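Each structure below is given as C-alpha cells.
Both complexes below contain chain A, partnered by chain B and then by chain C.
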Partner chain A sequence: MRQLIWKEWHEQSWRLGFGCLVLGAMALIGLHARILNDNAMMMWVCFIGITLLPVLSITGLLPAERNEGTFESLLALPVAPWKILAAKTVMGLVLCAGPMVAAAVISLLAAGGREMLDQDILHLYADSTLSAISLLLWMMALTSRLPSEARAGLLASGILILWILATAGLAYPSVPPLARAISPLVFVYQFSGDHMGPLLPEWVNLLVAAVIAIVLWVWTAKRLTGAVEGES
Partner chain B sequence: MKQLAALAWKEWHEVRIYLWIALGVFVGLPVIGMLEAKYQHVGGRYEISASPWVLIFGGVLAVFVAVGATCRDFSGRLEDFWRSRPLNVGRWLLVKYFVGLAVVLASCVLPLVVELCIDKQKQALLFAVWFPFMWAAAYSLGFLSGCLLRRTAHAAMLALAGMLLVWFLPLVLPPLQWMSLTVITSYYLPALQWPDVFDARFVQFAAGMAAVAVLMAIVSIQIARRGWRIEAGPKMMYGSVSAALLILFASAAFQLGTNLPVLQQVDLPQMDSPSRIASSRLRCVGQRGFIMAEYFPDTPQLQIGQVKFKLRTFDLTPSGIKLESTIREVTDSLFWGYQGAVWAPNDLGIGYVVDNMGGDGRDEYMLRAVSLETEAKGEPQFLWEQSDTHSKPIPYGFAVYVRRNRLYVISSHLVVLDISQPLKPRIISNTPFSWPDVPGSPEYQDMDRLVFTLPQVADLSPAERLEATMGSASYINLHSFDGEYLCIADGDVLVAYRLTDLNGITATFKKIGQYEPTILEDVFGLNPYGQMTVQNGLVYAQFYGRSAGVNSSISVFDLRSNPTLRLVGHFSAPGAEVVQPLPDGRAIVGGSKLWLIGPPPKRNPD
Partner chain C sequence: MSEQPVIEMQGVRKAFGKKLVLQGVDLSVPSGQTFAILGRNGAGKTTTIRMLLGLLKPDQGHVRVLGLDPKTEPLEIRRRVGYVAEDQAMFGWMRVGQLLSFIAPFYPTWDAAWARELSDRFELPLKTRVRHLSKGQGVRVALLLALAHRPELVILDDPTLGLDPIMRKEFLRDLVSHLQGERVSVFFSSHLLYEIEPVADSVVILDHGRVVRQAATEDLRAQVKRLVTAAESEEILRGLPGVLDVSRNGRQATAVVQDIAAARPALAAAGIIVEELDLNLDEIFEAYVIGRKERPDATAHLERVA
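Let's look at the complex of A and B:
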C-alpha cells in the first residue's frame, strides 16, 4: 500500500504543486491588491478550487493510467484492486485538499483578522474543501472506466455543471432540507432566504456526504476491472 | 514557380475547409438573425450583424488554421517526407504561412464587407481595415506554437494562451495601451469618413500588431529550419495557460488595487447586530480629528431610521491614530448630510451652513452653526430674503468663507459675521452685493483656460477672494483647489488646471492635463469620483465600487509629473470613501475602518 501511494505521489506531485501555486498566487495577489473585499476574494479562490481541483485530480488518476496502457499492468500486480483505488483516492484527496490548505494559509497570513475573523476564513476553506472532495468522489466513480484523460475531463466538467444546476434546483423552498444534503455543494451553497425554512445542522450534511462517499467508493471499487466503457 | 504554385495549391486544398466553415458561421448565422429580425419587426430594414461573430471568433479561427497547417505536416512521417524532398524549408513554410493567412483574412474580412454593403452603420469599416493586423498576429502565434510543439491540441492551447496575452495585456498595462483592441472598438464611426479611418492611433495599433506577426513568423521559420521542438505534455499545457491567466489577473489587480502602504488600521466601533460600515465624513485639524461612520443594518430592505450615525474623535500622534474611547451616536439628521459645510478654522467639529428656510415662492436664507462634536446648534441667523429666484437666479450660488474670526457669506448679499464665539455668530454687516454671472457648467475638458471673476470684498486679498470663490462654489462641478492647482470632475474625466494669473478682479487657470478612467476601472465597476482633495501637488480622487464585492478605492495622481495626472498610488478597501491627506504626505482614509496610509512610492518633485 505504501508503495502504491509512493507511486501515485511520484506521478501526481506536480499537480499538487501546480494547484498550490495557482490557488496560492490568486489568493495572494487578490488579497494584496484588495480590488475585491476579502470575503468576495476568498470566495472566488474557493470557487476556482472547487471547480478546477476535482477535474484536474480526476483526469490524472484512473483515466491517465488507462490512456497510457499501464492500468492492466497495475491490476496484474499481486495487490487487491481496492488497494489500488484506495491509493488513488488518497492522492485525489491530497490533490483537492492540499491547494485549499495552501490558499487558506496564504489567506490567513495576508488577510487574517483584517476584514474576516481567522475562524471564518478557516470555515470557508474547510467547507470548500469538503465540497471539492465530494465532487471528486462523484467524478471518480463516474469516470473510472473511461479510456482517456480528455473524455474523463469532459465528463467531470459535465458532472460539475450538473451538480451546480441541481443544487440551484434543490434550493427551492419546497425541497425538504434533507434532500439538499445529497448535493456535494451543500457545504458552500447559500441556502438562505425568507422562505427556506430551517437549515440542517452541519453534522447532518457531513453524515449524508460521508454515506454517499462510502457508497460511491465501494461502487467504484467493485467496477475496477480492466474493462473500458465504450468497448465490448 | 511551378513548385511554389503546387505547394500553394496543396495548402489551399487543405485549409479551404476553414474558409467554408468560417463563412458559414460569420455570414450564415448573422443572415439567419437578420431574417428572424425581419420577420419579427415588419417593415424594418435588412441589417446584418457579422462583426460581433468575427471579432469574437476571428482570433480563434486564426489559431486553429495556423496550428492545423503546421501540425499536419510536422507530425510523424510526414515531416520526414517533406524534409526528403528537394525543397527549401523556408519557402515551403512561407507558402504555408501566406496561404493560411489569406484564408483567415478572407474568412474574417468578407463577412465584414457584406455587413458594410448592407448596413447603414459603417463601424465595420474600421474592423475590416485594422483588425486583419490583429488576426495576423494571432495567426503567427498559432504558427509559431505549431512549429514548436507539433501536437495539435497542445499547440492550440498554448497559442490561445498567447493570444489572450496579446489581446488583453495591453488592456491592463498602461504602457501597452496603444496596442489595445479598444483603440479600434471604442471609436464610433457613424458614416464613411476616410480621414477618421486612418487616424494615427489606428496606424500605431496596426504597426504594433504587424510587428508581432512578422517577428513570430520569422521565429517560426527559424525553428522549423533548425528542427527545434518542445515536448509538450500536460505540465506545460497547464503551466502555460495558468501562467497567462495569472499574468493578466496580476496586471489587472495591481493596476486597480493597493500599492500605498497601510501604516495603521483602526477598527471602528461595532454595532450590536451585523452592519455594513461606511464613513461619511472625516476631518483632521492639526493633531485632532473626527470620523463620522454610518452603520447600515444587514437586512435585505433598509427602513428609514435604521441607519445609525456614530461620531468618534481621534488624536494623530507620531506613532499613528489614537481613537478616543467616547462614541457618540448622532441622532439629529441636521448633522448627517451637509456636504457644503464650511468649517471653523481651529474648532474641529464646528461647521457653518447656509440654508434656504423659506417656502411658498419665497426664499429665506439662514446661517446655521453646528458642532458635530457636541451636537450643539447655534441660533439660526437670518441673512436675507429673496423672492422670484427663478427669474433672477443667484449667479454664484453661495460662497461661504472663513478667515480667522470672520465669516463671509457672499451671494446676492455680502454678509460678514463675527464668529469669535463659534456657535453664536453675530452679523457685523449685511449689504446687497453684485457678483457677475459665470457660464453655467462648461465642458471643462474642452477648455484650455478658465477665468473666474472674483467677488469684490474689500477686506479680502486676491488670494482670499479666490479661496472664497473656490471654497464652496456650488456652481463648479465636484472640485478641489489647494491655492495653486484646481481639479474638476467633468463627468468621468478629471481635469487639472494650474493658476497662472491672479489679480484683484480675476483669476486665470491654464489646463495642464486630464485623466480618463481606464476600461479596467469600468469593467471592475468603479465609479469616478465620489470625493476629491488636492494637497501637496497630489490629487486624491475617490472611486466608488458599484458592483457587489468590489472595494471602493482612492487613486492618487501627481499634478507635478510629466505628463500631468500620472497615477502614483492607489488604495482599495471596503467602503474607502473619505480621505484626508496630511501635510507630511501620509493620508487618513475612512471606510469600514480607519486607515493611515503612507505617501505614494514614486513622486516627481517637479
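Let's look at the complex of A and C:
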C-alpha cells in the first residue's frame, strides 16, 4: 500500500501544485483587490474549486493509467484491486482537499475577521471541500472503466453539470429535505440555507453523504478488474 | 509421471457481450515444460492468459493454476507466477532502479541478488527512465520483473511483439538460458512460430476460441506430414482420415494429414504412391487454422486426436 501511495504521489503531485496555485492565487488576488465583497469572493473561489478539482483529479487517477496501459500492469501484481483503488482515492482526497486548505489559509490570512468571522470562512471551505470530495467519488465510480483521459474529463464535466442542475431542482420548497441530502452539493447550501428549502441537520447530511460514498467506492472497486469499455 | 499439471482448463467458455471468445477450452500443461499456445490474432490467447492470472473470470468451466483456483486465490497465483504481458506498459517516469524497488515489495520471494545478477546480464541501465529505454531493453526489464521472484511458472503473452528479429532471438536466448535447469514451467503465447519451435516442448493450437490440437512438439512433427502424389489421386487424398488441407499444383496434388500413421493404411488400400514430407511448426499451424476452414468436417477427427 505504501508503494502504491508513493507511486500516486509521484504521478499526481503536479496536479496538487496546479490546484493550489490556481485557488491560492485567486483567493489572494481577489481578496486583495476587493472587486467583490469577501463573502462573494470566497464563494467564487470555492465554486471554482468544486468544479475544477474533482475533474482535474479524476482524469489523472484511473483513465490516465488505462490510457497508458500501466493499469493492467498494476492489476497483474499480487495486490488486491481495492488497495490500488484505496491509494488512488487517498490521492484524490489530497488533490481535492489540498488546494481548498491552501485557499482557506490564504483567505484567513488576507481577510480573516474583516467581513467574515474566521469560523464562517472555515465552514465555507470545509463544506466546499466535502462537496468536491463527494463529486470526486461520483466521477470516480462513473469513469473508472473509461480508457482515455479526454473521455473521462468530458464525462466528469457532464456529471458535474447534471448535479448542479439536479441540485437546483432539489431546491424547490416542495422537495423533502432527505431528497436534498443525496446531492453532493448539499454542503454548499449549508452555510446559506435560504438558497435551498429546509435542510436536514448537518450531521444527517454528512451521514447520507458517507453512506453514498461507501456504496460508490465499493461499486467502483468491484468494477475495477472487469473489461474496459470497448475491450473484447 | 503423476506430477500435478501447472495449468488445467476444463470446458472454459468466455464471452464479451455477444462475442464468444473461448468456446469450451480444455488444456493441461505438465510441470517443468515450455508450453506454447499458438493462435492468430483474436484466437483467444490473451483472454486465456488473463483468465489464468485471475484478471478475467470464466463464464463456464474450471481453471487451476499451480493447483489453485484463479477466481478465489488470484493473489497467491500472481505471487508464484512471473508474467510478461503483450506490449507491457510500465511506468515511464520511473527509473529502472526505482521500478525494481517499487515492484519488489509485492513479492515475498523477491530475490534481490538474483535481480541484480539479471540486470547485469541484461545490461540494464538502472538510472535511465523507463520511457527512455529501447523496445528491447523494455522487454528485458519486463522479463527481469517476471523472473526476479523466482516463480514456479512463467507466463509470457507474445513478449517479442514489436521487436526486430535480432532482438527476438536475443530475448528467447535470454529466456531459455535463464530458465534451463531451474525447472520452471513456461507458458508462452506467440504467433511467431519459427521462434517457438526450438524452445517449446509442447504446443496447443487455438483457433476461434477452440483448442484444435494439443501435442508434444516432437509428436506433432512426427505425426503431421505433407503428402505429395500425382494430381489424379487428389480425390483419394481428400478422403484420408484427418486430412487438414488438400491442394493441386499442376501435375501434383498435396495434402496435409494430422496423423500419418492413420493415413498410411488408407493410402496402401488405395494403392497410390505418395512422398511424405516433414513440416515445420509454421506449416503445421497454417494447415490447422487455414486448412481446417476449408474442411470443417476435419474438426471431429481433430478433436478425437487432441
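Odds and ends about this structure:
Rule of thumb we're sticking to: the second predicted complex is superposed on the first by the 221 of 232 C-alpha atoms of A that agree within 3 Å, B and C clash if a C-alpha of one lies under 4 Å from a C-alpha of the other, contacts with A are read in each partner's own complex, and residues count from 1 in each chain.
By our rule, contacts are C-beta pairs under 8 Å (C-beta built on N, C-alpha and C of every residue); 3 or more make two chains touch, one makes a residue touch a chain.
Model, not experiment: these values are computed from the prediction.
For the composite obtained by overlaying on chain A, chain B and chain C can both be accommodated side by side without a clash. By the touch criterion defined above, A:Tyr172 reaches neither chain B nor chain C. By the touch criterion defined above, A:Ala76 lies against chain C but remains apart from chain B after alignment on the C-alpha atoms of chain A. Using the contact criterion defined above for the overlaid structures, shared-chain residue A:Asn39 touches chain B, although it does not reach chain C.
Touch criterion met: A:Arg114 reaches chain B, while chain C stays clear of it. In the superposed model, A:Phe47 makes contact with neither chain B nor chain C. For the superposed model, the angle subtended at the Cα centre of chain A by chain B and chain C works out to 130 degrees in steps of 10. Residue contacts after overlaying the shared chain place A:Ile29 against chain B, while chain C stays out of touching range. Superposed on chain A, the gap between chain B and chain C at their nearest CA atoms measures out to 13 angstrom in whole units.
Here chain B touches chain A in the complex through residues 234-235, 238-239, 242, 246, 249-250, 252-254, 256-258, 265, 524, 548-551, 553, 572-574, 592, going by the rule given at the top. Those residues of chain A that touch chain B in the shared complex are 14, 18, 21-22, 25-26, 29-30, 32-37, 39-41, 56, 60, 114-115, 149.
Within the complex formed with chain A, the chain C residues making contact are 16-17, 19, 21, 53, 55-56, 75-76, 78-79, 83, 85, 87-94, 102-103, 105-107. Across the complex, chain C is touched by residues 2-3, 6-7, 10-11, 68-70, 72-73, 75-80, 225, 227, 231-232 of chain A.
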